[in-house]
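Each of the two complexes below includes chain A, the first together with chain B, the second together with chain C.
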Partner chain A sequence: MNFWQRMQQMDRRWVYLMVGISVIFPFILPITLPVSITPEAQMLYDHIEALPDSSTVMLVFDYYPSTIAECEPMTIAAARHFFEKDCRVITLSNIPLGGPTMAEQVTRTVAEQYGKEYGVDYVNLGYKANYVAVLSGMGQSIESIFPTDNSGTPLDELPLMDSVVNYEQIDFIFEVADNATADYWVSIVNAGYGVPIGCGTTAVSAPKYYAFVDAGQFVGLLGGMKGAAEYEQLIEQEGDAMVGMGAQSLVHLLIIALVIVGNLGFFVGGIGRRKGAK
Partner chain B sequence: MSGIEILQIWIMAFLTLALFSFLYKDNAVYKLAEHIFAGLSAGYYVGLIWDTVIVQQLWEPLIAGKALLIVPGLMGLLMFGRFSQQYSWISRVSLAFVMGTTSGIFLVTQLHGLVLAQMRSTMRSMAGSDGITDLLLSLVIVVGVIATLIYFYFSKEHKGILGGTAKVGVWFIMISFGAHFGYTVMGRVSLLIGRVQFLIQDWIGSFGQII
Partner chain C sequence: MKTTVPIIVAFLAGVALVLAFFFDQRTLIGSLSQELRVWLSIVGGFTLLLGVVSITRVNYAAVKQRKEGWFFKLITLVSIFVMAVPALLPSSWSSLFGRQEGSIYDWLFLYMDAPMMATMFATLAFYIASAAYRAFRARSPESTLLLVTATVIMLWRVPMGEWFLDQLPGDIPFFLNTYIMNGINMAVQRGIIIGAALGAASMSLRIILGIERTYMGKG
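Take a look at the complex of A and B:
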């Protein structure tokens, strides 16, 4: 059995081990690699930067805890940018498992750093089932869909919500999603009410949403951890995404090497020829 | 860091490592973590829906005098007919309502918000080109859309010009799959990085607090 044949029969657990080491290594010995800014991330940043101070924005946590690694750095970076511009932030979620809790955790932590007050500078509306009804209903009245905030306080007791009735008072929506809810924000809210929307999504979903940016339905797009790292770079505040990019690049190099070795093994090792003969 | 926070971190670390143990081979600790996740998710979801939908949007407004809410309430109850073979037909009334309204809403929003908007953008992409590079990229989009649509046109045999164009469509589809796969790899690696980041920074970081 030659080298290539042995490589073909290698136990896949060795691959897992190599990937594991490649991920852990940069956390022990940090690798700093440049992160280039894509036009879509720049467009999103520029749009938020151009919002008038004290604008009212929505930050939507439409992702499950399983994709925190990709999505949370986006929401943290966006919340920082919003609070830096003194925007009034309304958070909500269409995800039952963990959505409202993550919204609470992220906004509260970032708001404390910027000295923002709950109810005045930011509000967490929480979760309501049936996102199609929720998104459509908020076009008429946000209070009819969310009579109370996430902790049960009636909206009329929150000063921020005094001047917010429906989408007409919302200047911008930043939707961070790991599923198809972003489609409905576009088809119901952007197309129906004309509210500009920016999107942050997992890498898996990103290719689909580039077409939405081209069509002007999203003002910008962040795709996966790389997108989050780009935004952290744009607001000049390093976060978890920037830290994780070293590991990301190293694992990508490993995967490329494994794909090359695997294909060489297949062709040079003659396994392809033998299978063909059968 | 408080004691309860450290306990939370240790539970999270245990469950993360338990799930990772599957990479070596299937085992009882992995199964335990999997079952805890399934049970907790179901319980949490039921509790959340009960509070945010049944209590907040049905019961409380009903008590406050919004009598019309009896109608959706009753329609919701009809859905439980599915548990009885004899009365399962009752649930069809509610299902018909759900299907009718959903189709109506989706037809308009998807057509107006997605299909027409994307078609308009594709048609205008070449007209609004800024420079030769932009024009070429727009041309790729237009050719890609047409060729891919022709690949999915099955009413005529794919021969001659139709067959050639369909083959171009296959190339576009394959390139699209490649891009999706690349992004998927990046996404999955990111999730692993997130867990490793948690284990190194939070979990191992908590050792100092305990000692």
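Take a look at the complex of A and C:
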């Protein structure tokens, strides 16, 4: 058995070990590298930057805790950008498993950094079941769908919601999703009510949404942790995504190296086997 | 009766919501559709409850009969109620109840639920690496094309890979974004999106007209 044939039969635990080391190493010795900005991320940033100060925006937490590493840096960066521009932020989620809690945690933490007050500068509407009904219902009245906020306070007791009835008072929506809810924000809210929407999504979902950006239905797109890192770089506030880029870089390079080695083994080892057979 | 009533409800609700697109929200049909959406949201809430009842019944039966893996099912049951019950109790009774910061629910979510879900998702990286090493082979022209495209896109999506691509002649990142992501990828994705939308529209029409009855457990 030659080297390539042995490589073909390498125990998968060695692969797991290499992946583990590649993930852990950059967190022990951080590798911070500049990321290039894609046009889609730049478009999103430019749109938010062009919003008038004190605009009312929605920040939607449509992701599960499983994709927190990719999606949360996007929501944190967006919340920072919104609060920096003195925007009034309304958060909500169409995800029952942890969506409202993540919204609460992110906005509260960022709001404290900017000295923002709950009920005046930001509100967490929480979760309501059946996102198609929720998205279309808010077009007529947000209060009819969310009579109270996430902690049970009636909306009419929250000063921010005094002037917000439906989508007509919303200047921009930033949807961060790891599932198909982003499609419904396009088909119901953008197409039906003309509200500009930006999207942040996982790297695996991002290719689908280039079509929506091209059609103007999304004003911009952040794809995966790289997209989040681009946005952190645009707002000049380094966060978890920039730190995570080191680990992601090494793992991507490792996978590419494994694919090359695997293919070399496949061809060279295969030729060796055929020669051996003769 | 069991079939006719759901079909009539589906037909009336479906037609009202379709017609509402063509009417002002202040009209009777507009306000009716808004009311239906609120109902829809409430019904959606009950489906969550149904899920809890169903998972409790199935797991309770397995634990009671000491079926294989009963201990894990017991953990599932305990987890559901330990997480749900304190969250449903009013926070006015104790700061540990409800879902606010510092509550039992909040603590369990932040320090157990979220890390466990993220860990489960992260283990995919190990399997993907192993699978890529064993199965991603240039066996045919099509698979070679996929392999080369995937490799350069993976390189482009990380700073170290970008740096490497920048050392090569030509603006490869620009090419990848313009011709692969916004060209070939987008054309294919549009086809899939349009196909799925047409499928969803025809399925909706079948349900509204009572042709599709599988949602009632009938063929």
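We take it that the second predicted complex is superposed on the first by the 270 of 278 C-alpha atoms of A that agree within 3 Å, B and C clash if a C-alpha of one lies under 4 Å from a C-alpha of the other, contacts with A are read in each partner's own complex, and residues count from 1 in each chain.
In this section, a contact is a pair of C-beta atoms (placed from the backbone, for glycine too) under 8 Å apart; a residue touches a chain by one contact, two chains touch by 3 or more.
Note that the structure is a prediction, hence the values are computed from the model and not measured.
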TODO: State whether chain B and chain C clash or fit side by side on chain A once the two structures are superposed.
DONE: clash
TODO: Name the contact category of A:Asp240: first (chain B only), second (chain C only), both, or neither.
DONE: first
TODO: Considering only the touch criterion stated at the top, classify A:Val120 as touching first (chain B), second (chain C), both, or neither.
DONE: neither
Open item on the list: Quick one: is A:Val132 in contact with chain B, with chain C, with both, or with neither? Answer first, second, both or neither.
Closed with: both
Open item on the list: Is A:Ala50 touching anything from chain B or chain C once the two structures are fitted on A? First, second, both or neither.
Closed with: neither
TODO: Identify the partner contact of A:Ile21: answer first if only chain B is touched, second if only chain C is, both if each is, neither if none is.
DONE: neither
- [ ] Based on the superposed arrangement, let me know which partner A:Leu264 touches: chain B (first), chain C (second), both, or neither?
- [x] neither
TODO: Could you let me know whether more residues of chain A are touched by chain B or by chain C?
DONE: C
Open item on the list: With both complexes overlaid on chain A, does A:Thr67 touch chain B (first), chain C (second), both or neither?
Closed with: both
Task: Which of chain B and chain C A:Thr38 touches, first, second, both or neither - done: second
Open item on the list: With both complexes superposed on chain A, which partner does A:Asn190 reach: first (chain B), second (chain C), both or neither?
Closed with: first
Task: Clash-bearing segment of chain B relative to chain C, given 21-29, 75-83 or 93-101 - done: 93-101
Task: Footprint overlap on chain A, comparing chain B with chain C - done: 16, 19-20, 23, 66-69, 96-97, 128-129, 132, 136, 183, 192, 203, 207, 211, 214, 223-224, 226, 248, 251-252, 255
TODO: Flag every residue of chain A that touches chain B in the complex, lowest number first.
DONE: 13, 16, 19-20, 23-24, 27, 66-70, 96-97, 126-129, 132, 136, 147-148, 183-184, 186-188, 190-192, 202-204, 206-207, 211, 214-217, 223-226, 240, 243-244, 247-248, 251-252, 255
TODO: Report the residues of chain A in contact with chain C in the complex, numbered from low to high.
DONE: 10, 12, 15-16, 18-20, 23, 33-36, 38-39, 64-69, 96-98, 100-102, 104-105, 108, 128-130, 132-134, 136-137, 139-141, 144-145, 150-151, 183, 192, 203, 207-208, 210-211, 214, 223-224, 226, 245, 248-256, 258-259, 261-263, 266
Open item on the list: Under the definition above, what is the set of chain B residues touching chain A in their complex?
Closed with: 23-24, 41, 44-45, 48-49, 52-53, 56-57, 102, 105-106, 109-110, 112-114, 117-118, 120-121, 125, 141, 176, 179-180, 183-187, 189-197, 200-201
Task: Complex interface listing, chain C residues touching chain A - done: 21, 25, 30, 34, 36-38, 40-45, 47-48, 91, 98-101, 105-106, 109-110, 113-114, 117-118, 120-122, 125-126, 128-130, 132-134, 136-138, 147, 151, 154-155, 157-163, 173, 177, 181-182, 185-186, 189-190, 192-193
